[in-house]
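One structure is given below, encoded as structure tokens.
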Amino acid sequence: MIIIMSRSAQDEQVERIQQRLRELGFGVHLSQGVEKTVIGAIGDKTPELIHSIAAMEGVERVVPVLKPFKLSSRDFKSDQTQVQVGDVVFGGNQAVIIAGPCAVENQEQLLSTAKLVKAAGAHMLRGGAFKPRTSPYTFQGLKVEGLKLIQEVSRETGLPVITEVVSPHEVELVARYAQMLQIGARNMQNFPLLQEVGKAKLPVLLKRGIAATIEEWLMAAEYIIKEGNYQVVLCERGIRTFETATRNTLDLSALALVKKWSHLPVIADPSHGSGRRDLVLPLSRAALAAGADGLMIEVHPNPERALSDGPQSLTFGEFAQLTKDLAPILQAVERVL
Amino acid sequence: MIIIMSRSAQDEQVERIQQRLRELGFGVHLSQGVEKTVIGAIGDKTPELIHSIAAMEGVERVVPVLKPFKLSSRDFKSDQTQVQVGDVVFGGNQAVIIAGPCAVENQEQLLSTAKLVKAAGAHMLRGGAFKPRTSPYTFQGLKVEGLKLIQEVSRETGLPVITEVVSPHEVELVARYAQMLQIGARNMQNFPLLQEVGKAKLPVLLKRGIAATIEEWLMAAEYIIKEGNYQVVLCERGIRTFETATRNTLDLSALALVKKWSHLPVIADPSHGSGRRDLVLPLSRAALAAGADGLMIEVHPNPERALSDGPQSLTFGEFAQLTKDLAPILQAVERVL
Amino acid sequence: MIIIMSRSAQDEQVERIQQRLRELGFGVHLSQGVEKTVIGAIGDKTPELIHSIAAMEGVERVVPVLKPFKLSSRDFKSDQTQVQVGDVVFGGNQAVIIAGPCAVENQEQLLSTAKLVKAAGAHMLRGGAFKPRTSPYTFQGLKVEGLKLIQEVSRETGLPVITEVVSPHEVELVARYAQMLQIGARNMQNFPLLQEVGKAKLPVLLKRGIAATIEEWLMAAEYIIKEGNYQVVLCERGIRTFETATRNTLDLSALALVKKWSHLPVIADPSHGSGRRDLVLPLSRAALAAGADGLMIEVHPNPERALSDGPQSLTFGEFAQLTKDLAPILQAVERVL
Amino acid sequence: MIIIMSRSAQDEQVERIQQRLRELGFGVHLSQGVEKTVIGAIGDKTPELIHSIAAMEGVERVVPVLKPFKLSSRDFKSDQTQVQVGDVVFGGNQAVIIAGPCAVENQEQLLSTAKLVKAAGAHMLRGGAFKPRTSPYTFQGLKVEGLKLIQEVSRETGLPVITEVVSPHEVELVARYAQMLQIGARNMQNFPLLQEVGKAKLPVLLKRGIAATIEEWLMAAEYIIKEGNYQVVLCERGIRTFETATRNTLDLSALALVKKWSHLPVIADPSHGSGRRDLVLPLSRAALAAGADGLMIEVHPNPERALSDGPQSLTFGEFAQLTKDLAPILQAVERVL
């Protein structure tokens, strides 16, 4: 790390910092400019040292030299990770399409959706049984009953299912019914939950928090991998900005950058990313063109009766059309459905 | 709610929406403008109806008329709520000062801090035993051992203690050792956790999420109150903006607005709110002047050896000076320490 | 517009608002809910009326029913506008590529770049003679000398040139040398400048401000069109968010939405949009896939000696490779270079 | 500056950068870590060198050591600058209150407001003659006629007047009628305008742009001072965030930080900062407590008939009450009206 001293720092303060760094095992390098002094500290230490040095008298700021993520980094593992869920492979030449309703509502809704999205080319089914909702007065999901429906529909259609888990002590339960665990945007920094899915044997889809930096997102992946679960797929689903015409701002530059920084597969969720049904197609095309390894799309048999997220859900007809409309882009990026 | 139809909406679509609204028990009111049709729906229904109507063909957008928060609202309860922790009362004429280290590190650190902050005028001690940290490679807290130290120091000094809880199934454990439970910014929308502290008998401090709107913050409080726990204190601790010179942007307009919209006490955390030791005093003064019912301030015997948040922690001397420097402002806002 | 009264509004306040609305020529529609009263005002009036009504006693908020942009809207003109610059047409089936250096530095730099980018497939040359720079201590452009170089190089290569204008009284000057005028992000709401380019006979490229909403962006276009100049091309160039790994966040959902709301052509600037050379290709692909009518890309013969924006400029080799790499996407979106 | 090389940087790239730095007159300092190489470059050079070095092969990023602002910095001038307008002094022990309507509408409106705000304790009158408005269809100000009214009212009441200037070639005109020039938020980076007011003999109030960092704000001040005009007062007026309940988020941490970094006086505008009449008092109190040298407040004889910004304007009665309510805070911060 590099320590930039304030202009008014005294020699004795500079000296104390050097002493402390040596004490901590760093190699120390002093560089005295005309106006400011800069101290280089060589050695790969834990992030809290950075903070503790930053708190010392005379320090203006500390600049870390190394990126804090390791296991999720291309520096650690240069080749693309592939994550397998049933026959589906994220990170290969397939553009994985996950489709389904925001929330599981009943057997008929889930089964009809599963059949339709499968026929239209989707590889996996999504559907929430535990729904984190902004308001306590809205539908919170069917919970265990929803998990059972998921399992039943998955068996009947052969589609692997991804569903969200919101509490550390429910990970085991959810893992009994689904083939992939989803960590939602609100839980991206729910560390006990990340650690728990890190201990599970199932692949995990980690959504980016609405105000998370790319670095924080990869640090969250780090929590999962550190527990031994390398089967992590990242999902860009929009960040919160000042714009009010869209629900969120889908950040495809983050997606493209994560593809460079990390070996983990990355998909995009244009449904949450925009909150508008009419933007799902252009953003799906854009995400694939930016390098996404797949898409997650909300589909509902009857969006206007959906118990959540109706305005961004596609109808069956719209979804079938979407998969057709993606064909030329898929060809352009040399991916197959 | 009000439904604004798109310019191209057809009569039949307008008709269908009116039918559906009547079906759902709403009073319906049609207003046909030159360019657009607007439908008023009278009745107090659940938020998902708003979403489901928004998904109907021909709708441009739906505008809710009522605010979604109820139990936390001044409309529901007009007089200021007071929350008591030991002898301390939030929401009265006392400006409650909570001070202490970010993380509990050892007995000596906690005890010396407790004695000092008490002597300098603080009413409560803070200290984290379970620390949610961005990186899995940093200090995660002493956990149960930390809770025991908290209890011991609280008994010895007589200061009530607040500590963070990060997992629903640890609420009961933490509640055995502390006098107030903290929900951190990252967990503001950890709904299972909110529900669990809603069932606890202890007062709760609910920090605002870094990208949470005021409405979402109050909806999170709603989750706690709905379970029966009305002892909720809100804490503004800075939001994430584009500014990089400060760690966060302390949003005192939100604090002032929440004081108007809600009957719950609200305090400010200028330490996290700015991330800079040199801004703690001016922002403490500003927060009290804006109407804050108290402050939460990080203090450490030796910030440069702190295991977390050193750069924003005050030394003992700085904290003692701060409480002195707040005296004129306290007088101005007619509050006492 | 719709006026939502506060819960505590008195009958007399509701009455006064209705009177005032009738006075102003609105049709008035009263809807009394259980908890709140809503007043519908029918008629298409100026935006300040909305503000003035919002200031009346008892009003909680005013919701406009109509979008404030008119001339730039698809409601006003449903077919796609085409803007012609020399032989280049924005808004047709050509994906227009504008390339060149951030700033004009000297004849050799501009001419060599122009020749290269033309050979690699670009249709227009960009190059700034008046450079708005954050710091007064950095290179501010060659000014008139730069304009002369632009004209000379344009004549020699046959490439039309776009260059930025930063001051209303220089519009006429710049228009003598260039074929298209650029309004930079910082000047998106420089209204005297917008009015002046609105009076010019040249096409205008209007960049989105770094914190401008889509609506504000279209309102800025409105300023230009209102003066009689319909030849406006919009350019999404990234917005400012909390993310620090990229210079800006390219907002392709805005681009896609503007394509729906407005008849004006829209292009993307992935160079400023990301600030990173290594993201220019994926974001160029994504922008075209999202529906962009073209791209604006920074190219410099020697980025590491560039007087501005080196880190985001492509070398000649990189640009030539980029135009090749775009071919499959162009085919997918049925556009030609 | 410090150059952090990417992990994959080759020796030859490191060598080239060192050569280039020496060529440019920097002292060079190499520090080879286990994983990365860091180059220190000693010398105070122009910002574009930072950009050009950042564009070189093998560089991951460049960290500037020195802050880019100079003339506005406390390092350059450590004592507080005082700016005088008539008898009013910004930056001394007076808390300067500027009050008046958003826009000058007619003689009667301006004169009655001036008399009232003077009687209630205001020191200066504000009023816009040239109004930059988001929509071209709204009131754009009375222009020269407005300036004449300003002058007339100023003479009659003895209050110095501040008014906005929006175009470089109108600076001279406006300077003939007003005592202080305002640069609005939208023009904070209108560099030709900044340079022109830098040449004027009048004091300048420089509002912060809605998405400007503190550093960019000070760099804008730098443009003015560089032309010879040291009479610059800064004004924090809220930044754009995701929050929708307030028009902007008043950033008092920026205000407090600017007081530390710069010797220029800083005031706050709680009217634009919140957009809500009911927040003007708490935010005025908070701004003074945070160290503001003054306040700018919108007052209108009849906000509900105001041609702009009615919802945030105080009535005469409300303003008179506000100045009374500020008394205890002023005493606490040892300022006088």
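Brief remarks on what is shown
Order of writing sets the chain letters: A, B, C and D. Residues in each chain are counted from 1.
Basically, a contact is a pair of C-beta atoms (placed from the backbone, for glycine too) under 8 Å apart; a residue touches a chain by one contact, two chains touch by 3 or more.
Please read all numbers here as calculations on a predicted model, not as lab measurements.
Averaging C-alpha coordinates per chain and comparing to chain B, the farthest chain turns out to be C. Here the spacing of chain B and chain D, counted between their Cα centres, is 31 Å.
Rounded to a whole number, the gap between the C-alpha centres of chain A and chain D is 38 angstrom.
Note on chain placement: the centre of chain C and the centre of chain D lie 25 Å apart, centres being C-alpha means. Within chain A, residues 211, 240-242, 244 each touch two or more of the remaining chains. If touching chains are joined by edges, the resulting network of the protein chains shown connects every chain directly with every other.
Residues of chain D touching chain A in their complex: 2, 4, 7, 27, 29, 31-36, 38, 40, 42-44, 63, 65-66, 75, 240-242, 244.
Within the complex formed with chain C, the residues of chain A that make contact are 211, 213-215, 238-239, 241-246, 249-254, 256-257, 259-260, 273-274, 276, 278-279, 282-283, 285-291, 328-329, 331-334.
Residues 20, 46-48, 51-57, 68, 70, 132-140, 166-169, 186-187, 189-192, 209-211, 216, 219, 222-223, 226, 240, 277, 303-311, 313 of chain D touch chain C in their complex.
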